[in-house]
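Think of it as A, B, C and D in the order they're written, each chain with its own count starting at 1.
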Amino acid sequence: MSLIQANLSIYQNNLNIPQDLKVQPLALVGYSGLDIVNNAVHKSIWETFNNRTEKAPILYKIISNTHKFPVIKPKRNSYDWYIPKGILKRNWLNKYLQEVPAIVVIFYDLDWKDSLWNEKMIECASKVQSMRAAMEGRDTRILVVLIQNQLPIPEDPLAAERAIALCSSCELNSQSLYVLPHGQHLLGYTIRLETAFFDFCQNYYHNRVKIVKMHKEHLNKNSHQYLYVRHQFKMGFLNELKQDLHSAHKHYTLAYNNLLEIRIVDTNALEVRTVAGFINYKICKLLFALSLPRDAISQFKGHIDKFKNRLGFQELVFEHYAWLSKQYEIFGDIFDEAVKQGLPAVQIQHPGIYYQQAAQYAISRKDASHNLCSKIIAYPHPDPLEGLERMEFFGQRPWRPGKVSAEPPDPSTEANGIEAIQYLENQINHSSIIISLYGSAIAQYKIYKCPRIRRHLVLQMADECYNSKDFGKALTLLTHMLSDYREEKWYCIISNILEKAVRCAYLTANIQDYMQLSFEVLGSSVELSIEDKRRIYENLNRILKKQIPYGDPKLPHDVLQTAIILWQPVFGGDISIINLDMSQIVSCIEVKTRFVKPSFEIDQKVSLEVFVRSTCLFPLTFAQISVQVNTVNISSEFAVNDLADTSLTFHSKEVKRFFIEFEPDPNDINNEIEIESIKISIGDPAECSATLKFSGQATKPEHPELQHFKRSQHEVDFDNIKVVSKASIVPRHSKIMVKFEHAPPALVGECYEIYVSIINQELCGIKDLRVEILPEQDCNEVEFSCVPEFGTVKLPLILPTATTLSRSSKLTTSLFLRASKAEIKNIFVKITYRVDSDKPVISIKNETIVLPVVQPFEVTTRFLSGMMQTIHKFYAGENFGVMALIRCMSPWPICIEETSIEFITPVKSVEKDLQSIIAGSTISKEEVATELFLAVSDKQSDHNLAIGEYKVTWKRENGMSTITQVTLHGYHCDWIPLNLKVITPPYGLVRTPVTIEYHLLNQSSHLIQLDIGMEASEAFMFSGYRQTTVSVLPFSTKIFQYNLYPLLAGTVALPRLVLSIPENSTEGPALRQDQLNQLIERTIPFYIFVMPQLKGNPKLPDIIQKTNIVLKPLN
Amino acid sequence: MSRSTRFDTKKVNSELVNLTYGTLVAQMVKDLDNPDDVSKQLDRIGYNIGIRLIEDFLSKTGTARCLDLKDTADKIQTAFRLYLGVQPNVVNWSPAGDEFSFILDSNPLTELVELPENLKQLKYSNVICGAIRGALEMVQLDVQSWIVQDQLKGDQNTEIRVKFIRRLEDAMPAGED
Amino acid sequence: MADDILFDLLHSEIINYTLRNVDDNEKDKNSDKKDEDLSNLEYIGFSTGYRIIERLTREMPRFKDELDTLKFICTDFWSAIYKKQIDNLRTNHQGVYVLQDNAFRFLNRLSNGKQYLEVAPRYVAFTCGIIRGSLANLNVHCLVTADIQSLPSCKFHIQVQRV
Amino acid sequence: MAVCAAIVGKDNSPKFFCCINPDEELTFQYKVLSSLDIIEEKLNPASKSASEMRELYLGQLYSLETCKIYGYVTNTKIKFIIVVDSTNMALRDNEIRSMFRKIHSEYADMVSNPFYIPGEPITSKSFDSSIKNIITGTV
């Protein structure tokens, strides 16, 4: 057996790239004379050479004195009679990697001024000699390094002289002798030495290449094709050792091309293929190293294309597939390696692709080997593979070693050999190979954003697991993938997966998965043969009856047997209810739920509908249907209980509707409740039963708007039922009637009353009644009260009412408010109560009164001069009229009960007793009431005077009276020294004299001089001064009297009084001419009415009384 | 393919009409379970369209009153070209000359329509019959119109039959609706 | 090549049909319903829009982004269906677009006045559907509302729903 | 001629699938579904390729040793996929492109059928045959 095991491992190993080929080729340097075990100095030197980052690509090797170098083959000066036995020798690579150094360095401890200089020199020389002898015939260079204690002294004559001596005695040229002071700076010296060594190495390998090249002209194409390949390969490799990658690549490529020229027959197919694989490996690796990934890929593609169909022995065709698979795997590895080195890969070109292909060929290999090898039951004797482990050439058959293809094979040995290999192949666990390849591929596809391809690979992996009878693993892989496939609804594929998954679940007696998958399989979208569906349906029923389900008759007998054995214990003990989560699954049972209303009042029953559709081809009967409803605090389950008319048996395509009703929980008022899930249980709990749990959430179709047009054949249009999984619990809807009676708009300042009347239209009496006025955000301009006066009432204000109200009776109360601002007010009224029933739930009714508030009227003022002209300035001591105008703004007529004015000093009234003359009058919208007061200001003031407080007491008809007070504002008040009064009769009579007096008052403490004159007028004759100058003493009055004799009737201009300041006037306060003119304008009438002459002589009337009129507006 | 492709608005418009009409039919089919009711509805809708369309037709073509049924047929033929962009043949006159058919070798209305199995008896194009009836009623012609052949049913062309009933007195038509 | 008037007539027939139908259905259900149910009308629009866009975008290069799509709706699409371009498109660049048509085809023949404003929603529901359907098929899922201040101009508010 | 054509919806679910050789349906379904990975990547706005990919025709998505797979995505994110036997060298790129164009207009017509609900699988016989004709080049 062990023999077979050995062969088996070699057989498998032969597919791999040999280690020698894999390792990075390093120049080989032999060290002699270093005792790294006992000599500390030597040890430290050795380590500084080896343990360094970025050391030169050199492999240092200690060469013991007894070291045997490989013997040199005799130089052949003609290849005429030489027929190569193979392409690549197995040992050649190793020779250059491990055995033949490019240079040998002999270390020797010797200082220049060593006391025993001569003796040591001789010993050193002998060492060199023996080394030379050992390497007789090799052009490997020998160097000597003297390990010294002292640092070298520059220009040291002794050193120079002794160095020469040493060289001559060792027969070395001076370039071959070095010193290495091991004190400090050791590192520096080693680095310098190393670079020197590496140069020698490169030279050496360069020469080797030259030598190999020299053979070329001896070769001829027909008998030495192998050698062409071999030599090019060697040159490639030597160049690698030399670290000349470009040349290396060049030679490998040549080698590869030469190889392709070799005629391939069954007998050499393996060898050529093997070597081709090696060279291709080298080329690709180099191309990646030279960062030419595209070339690498195309090289590989070409490589495969060339050898894909070179099958070799039909009996061993699996070898070919194994090789192909290996080629892909290896390339995948190289590629992946390069990516790790920083090469960017893309979605459509990454290592995974090659691993996947490798897996494919691994499968072909498996199939081939099953066909060819399954019948081989015994390993042939004697071992035809004898010597397999020590073949001279790569890729040759042990039973025909080193034979050139020309020679005819010995059929019997060949047959045995083949049989032996077939036997070995049969021992191999292909599935594990395939699965691991899939594994690497999957990992890669994951990286390169290919979820779906990855999924597909996982499925293939699952298939392989299934083939290797690992049903459990297959099931896990399949079920994991299912969820992803479900999302994209590729039912053809899903069906395919389900079929396998169900089978696996069956074979592993996994009751949970089996049932869940079965319900899915029975769905209409799953494309399985009706027979299969029926079997699965029946199996479901069997399971519910605790009977072992039937296996798929397509399955081999033994497999079914083992499955049945697995099932037996499942029904042994009592099974707890099997819970199946159907939320992610499109099964043969579909469920939709909806609350019948978006919100339910606390005293109503919450009711919801459950729709269930079965798309199962066969009838299904359920035990119970229930829904789980989540509220904020708890989640509770409600079952469909009244099944009077509806049975729980569903036939194919049947849709049924169920109602569920339940009392809401008062804690949920103003909260949302949600249908969490729907549970359908099937089977008898006593026997075996399953509970299918469906999600209460809607599975939204792509476009409900389009689904809307779908025409359903059934009375219930299941597809267009909109799932409503959320509803809210709201307070009970109040059935009382609330009325507000009032007369809007409210007037600013008035006490406004609103009658609130409540009629109980509930079916029973109510108690704990409460009527509240709730505050608005900013209601500071409104005062509320329950009585017609206003204190400091805080909101919410509770209106005084009875707390109970019997059925269909009415109560009323009043709300009073006073607004101080004209705007639209919202008044919120909240009525809470309990119905006086066995279930006294709180009821709330919220009402809003929208109340516009307007100004009752506006007050404006005008000011008049003595001449009834509007003025914009007062003069101290001169009377003026204050005219208040009240314009009604309210739609309701307003009765003015009383008005009064309080003058503010220095303004005072001219009249002794003031009384309102508009009191008692009523004005409606846009009407104006006005009255006039005579006032005078004592003092001047250069800012606008506040005239007085005007107070209006008013009410709307049959309203409560309200006092509105406004401050009247006037103008500046000037002062001039002179005041002027005129006394005229109201009218004159033609040819009847009238007297006019002009009073000049000097209000100042200075003398006033004035020129006074009277202009002539054709309307009058008059007597009195026509022209004079007058001096008015301080605080005294001068009176000028004129007798006028009217000549014309009608309104005639009086003769004009002219006052002017004399030019030469020196005294007197500043009194300007313009002031004088204005004074005359505002105090002296221009006209007088002269009546025609009368019979007799009528008495003259007094001066005009003050006016009292209500001005009606025009229009 | 520049983004500023102006569409052939005529074409788009007819597609729009066909699609909208199609969706309307789908809606009806959903509302009324019986296909025959749908056909009736379509005819009624056609009628409503017809009684309004006639004004547009008269103003567009400025045609005078029809002399006889032959003339009417020709005018309707023009209407087909004007509104549906197809030119039907007027054939199969009854011996009495009071009945004839329009033959459409392609019916734009049904071009892209495929009737589901359970709707085979639906008269999809009834709207045309209705329109003819409605339009003629406005010019005091009382006719019947129905579909004889239908490409939707696999016939190789669509035939719409028109039968003259009577001439109405000049009066406001008893507008059905 | 159907004449424009055909579409106008069809459109008003659809309005009549859907409303009549709704009324029938409303009978048994809550009849005290203030504003009429235009959902069917809107659905018909949606379906039409969803389908026609498939035809219209057939020859078009891929849309760059959402804005590109909406521009298309306002220009080519609108003028193809409503015989004029949208007069003004505004957006907050957060998925809200306002399309203003100052002389909306279906409101043109509706004379101004309060009572007409009340029925105006009937004449835009179908179009709201068309817009929503077209955009939905172009994978811009949105809510569309129309607001009519003064006939015959109309603003369509599109609110894209990011998912 | 192509061996398989598929129409895949916005939601990446298959709306229509036809194979010249029905036995291959499942294997082709796997291939077509897998090709969505590449389409998604091509349309992914993040990847720079998406930005210049304004054309609806996406060209060859990927090729396996047995077949080549081509893709086309409409403005409405409907994906058309055509599978061509890799031994078939006759078929040139612009022929594939025009195949897609034809399929697209067939699809647009399908969507215009008021009794077809977009997003539902397409079951129409006539549609099936016309697609078959397109990919077999008999039109």
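As a working rule, a residue touches a chain if its C-beta (ideal position, glycine included) is under 8 Å from a C-beta of that chain, and two chains touch if they have at least 3 such contacts.
Bear in mind the structure is a predicted one, so any value in this text is a computation, not a measurement.
Among the pairs C-D and A-C, the greater number of C-beta contacts is found at C-D. Compared with chain B, the chain whose C-alpha mean position is the greatest distance off is A.
Averaged C-alpha coordinates give centres for chain A and chain D that are 32 Å from one another. Work out the mean CA point of chain B and of chain C, and you get 27 Å between them. Among all residues of chain D, those that touch two or more other chains are 10, 55, 112, 114, 118.
Multi-chain contact residues of chain B (touching two or more other chains) are listed as 1, 15, 18-19, 23, 26-27.
Looking at chain C, residues 43, 47, 50-52, 55, 60-61 sit in touch with two or more other chains. Listed in rising order, the residues of chain B touching chain C in the complex are 1, 3-7, 9-21, 23-24, 26-28, 31, 41, 45, 48-49, 52-53, 56, 82-85, 108. Residues of chain B touching chain D in their complex: 1, 15, 18-19, 22-23, 25-26, 112-116, 119. Those residues of chain D whose C-beta lies close enough to touch chain A in the complex are 9-14, 17, 25-26, 29-30, 33-34, 36-38, 40-41, 62, 65, 114, 117-119. Interface of chain D with chain B (complex): residues 55, 109, 112-116, 124, 126. Chain A contributes residues 347-348, 357, 449-453, 456, 488-490, 492-493, 496, 701-703, 706-707, 709-710 to its touches with chain D in the complex.
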